[in-house]
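Shared between the two complexes below is subunit A, which has subunit B as its partner in the first and subunit C in the second.
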Partner chain A sequence: IFKISNMKLILHNMLTSAMIKGVKKGYPLLLRATKVELQPVEFDAGFVVHMLPRLDWSGVTAAVQCLNQLDLLQDPLPELPPTVPDDYANNEDFLRKAHIALMQLDVIEGCLVCPETGREFPIAKGIPNMLINDNEAA
Partner chain B sequence: LTLQKRTPDTNHAGKGDFTTVYPASEDSFLFLDCLDSQADYLRQKLKPSVSVEIGCGSGVISAHLVQHVLSDSSGVSGSSCACLCTDLNPAAALCTAVTCCQLMPVASDLAGCLRSGCADLVLANPPYVPTPDDEVGTPGIAAAWAGGLEGRRVIDRLLTEAERLLRPTPQLSAFYLLMLRENRPEEVALEMRCRGFKSMLVVERHCAGENLSVWRFERGGVEESEFRVF
Partner chain C sequence: AAEAEAALEERFVHRVYSCMAPALACADEGGSGGCANRRGPPACVRDLLRDLPPGCLLADLGCGHSAAALSRLAAARGHLAVGADICLDLLLAANDDWHRRRSRGRQRRQPLLVQADVLRCPLRSAAFDAVTCVSVVHHLASRDRRRRLLAEAARLLRPGGRLLVTAWAFEQPGRPARSFNCQDLLVPWGAPEPPQTPALPPPPKPPPRPAWQRRLSSLPLLAGFFGGSRNGGGSGDCQADSSDCESDSSDCEFRIREFPASSCPRRHTAGDCLCDGACGAAGAPASEGRRLRYYHVFRQGELADCARGLGLDCLREWHEQGNWCLSARRMPPSYY
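And now, the complex of A and B:
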């Protein structure tokens, strides 16, 4: 049995549709998931602390809100504060919640949607496909 | 003491669902050697949070980075680095997911779908073989090697893409690129210098009739405490 990696919210946080002609920002992409799973990934505080400064936090909270609205999980993802707390490096409660969202949530099927053009990018077998046609390119 | 050279298993590449995916070859292994020789630099100086490999193929290079180079010697994958991988071929993205479940693959033309300034480390083992221009980026496995005129068509696009993806100065960032002698690497190094990167030849080898080298282009690096910008 292969253990395959599925799309994580960290990857979602880095994605943009700005390669499409006319798109100004293309971020964050709307997360229209149809199949998600929570994976039992061991909590790694150091990983979260190292990653946090590199993330656009509003993109993370938007993705979590999107997913909770879709109601695909038995229990909703823990709610995240609108801004990263100043004491984040020592705030285990916050780090654990962030870890669940960033590293334990697998997006397996669905699509990502450009917030400016509505153009959909499929996610299949856990992998987003961001390929566009030549005539769409900037 | 014998230094055991570990290599990620990519036996699934080049067959079945992954017939169009470039299996790990001499050029890939040279890149692994490069990363091994740069282990101290990567772990102690660069300490990347986000790595982007453009044109990941089987995923062997990024798998090696996360499993063997950035992890500690006990083999526990304690790497605090998100390793993103892009490929024009969706089969390669899927193959990469199978090669290593810690990687984050996405199907994309170069890394157009990734936000500017998101990475501290960019890796590329590009299609470097000189071919007719019309073979560049065609569907199927030829895209893995067809480099067009002087093998530079994709490389030249990669220089601009890497520059865009890497964090702006003064943050330290690095771009590792594999090239063939016919690509005129010294000219590429000079071009990168003009763009504000220090150039360094890391490893070089003559493999199966090809003279290959892996270069590191480095930008920024200020000796002060880490910036934390949300």
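And now, the complex of A and C:
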């Protein structure tokens, strides 16, 4: 039985490769996905409203653009505005689009890539492997 | 020395948990998981989740297989938890746990998991409202590494963010108060011994062990833990309130922190050698079937001492079910 993965864009937003020697920012990681799926996840407006200020929105839009370019889904992910609208707390249309991108999109197969060194982090069974070797560590 | 520390952790922490991951996943069913799992996350974690305003981001360093339980509790309070652990087997067990319970009709936000070394944490700085680190720091083999873990936790926190760290205590509850006879221990996990058959050929002579391993085998095994009556240990500096421990101990019995409970169900009386004599002399390596885990048990005040100078304001240290818990707050950068 295939288990649903957990590599969601909201997780991607938290990840960095800055533990690698010489990396200045390490964020956002490039999404080299080879297989993605949209999972049914219940929309919770209050949750999205709380999370939005805690995210790096430019990382979210970059990830969505990256995935849409890869063209792995039947329908592309809804386009997101470059900045979070001022009325986001009451803007259900926007919140629903953000929810789809952040919570429903699962990267099943592929890897995350350090934007500065090109170092790949594989995603296996939905779990990204961010372990590095001793000689790579800062 | 750094290599020896990492090697010790690899052999006596990571490899052990990897092997036991499937057993942990099953043991969780009856609510009899390890201390962090019995009926879900421990009280201190529940309290933290309740204290936080709704909708917080939490990082759980060394989440292990209980990531699903934490994420369920976090979701119930509107928070989102990200779990990081070095052991893929434990993360997969957490995923399995979530799926098992989800199929029973309980809709909960899925745990977000990442396989990572918590000393080289791939999470963004100052992004989290809270960091939990439950029963992890005591598995690190040097003070330097333990401080590095706390430094990583501090790095992840936004100014004002809350840190909760717990570690096994040197001072153990009970009347009279007991303590371990040493702070660095190899603790046997009650894995069943493989059956001995008389037809087994004598084991081959082992190759000479490297220096760090020879040093290691002089670490006391848990035999002799009950120093309370014999050595007159337990100097009475254990500040534990006995009401904290009522559920775990009675006058003359002490239940070892089981991990998981199902593999070590026996109650031990003071003076018992937990190895049932199988440990042999204190220099002999334990038999293969008995998995040893490395622990550095913390004295009162040691967690706060470890966190000194890392931009953390230590709020409170307390004893809970045989563990020291430390609650701290991340200070804004201008403070140091």
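FYI, the second predicted complex is superposed on the first by the 133 of 138 C-alpha atoms of A that agree within 3 Å, B and C clash if a C-alpha of one lies under 4 Å from a C-alpha of the other, contacts with A are read in each partner's own complex, and residues count from 1 in each chain.
Throughout what follows, a residue touches a chain if its C-beta (ideal position, glycine included) is under 8 Å from a C-beta of that chain, and two chains touch if they have at least 3 such contacts.
Keep in mind the model is a prediction, meaning the values are calculated, not measured.
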| item | value |
| --- | --- |
| Contacts of A:51 with subunit B and subunit C, given as first, second, both or neither | both |
| Partner chain in contact with A:130 - subunit B first, subunit C second, else both or neither | both |
| Partner chain in contact with A:11 - subunit B first, subunit C second, else both or neither | both |
| Touched partner set for A:84, first subunit B, second subunit C, both or neither | first |
| Subunit B versus subunit C as contact partner of A:42, first or second or both or neither | second |
| Footprint overlap on subunit A, comparing subunit B with subunit C | 3-4, 6, 8, 10-11, 14-19, 27, 46-47, 50-51, 54, 125-132 |
| Subunit C residues within the subunit A interface of the complex | 54-57, 59, 78, 80, 82, 86, 88, 91-92, 95-96, 99, 107, 109-117, 120-125, 127, 129 |
| Residue ranges of subunit A in contact with subunit B within the complex | 2-8, 10-11, 14-19, 27, 44, 46-47, 50-54, 57, 83-84, 125-132 |
| In the complex, subunit A residues that touch subunit C | 3-4, 6, 8, 10-11, 14-19, 27, 41-42, 46-47, 49-51, 54, 56, 121, 124-132, 137-138 |
| Of all residues in subunit B, those that touch subunit A in their complex | 49-50, 78, 80-82, 84, 88, 90, 93-94, 97-98, 100-109, 112-115, 118, 226-230 |
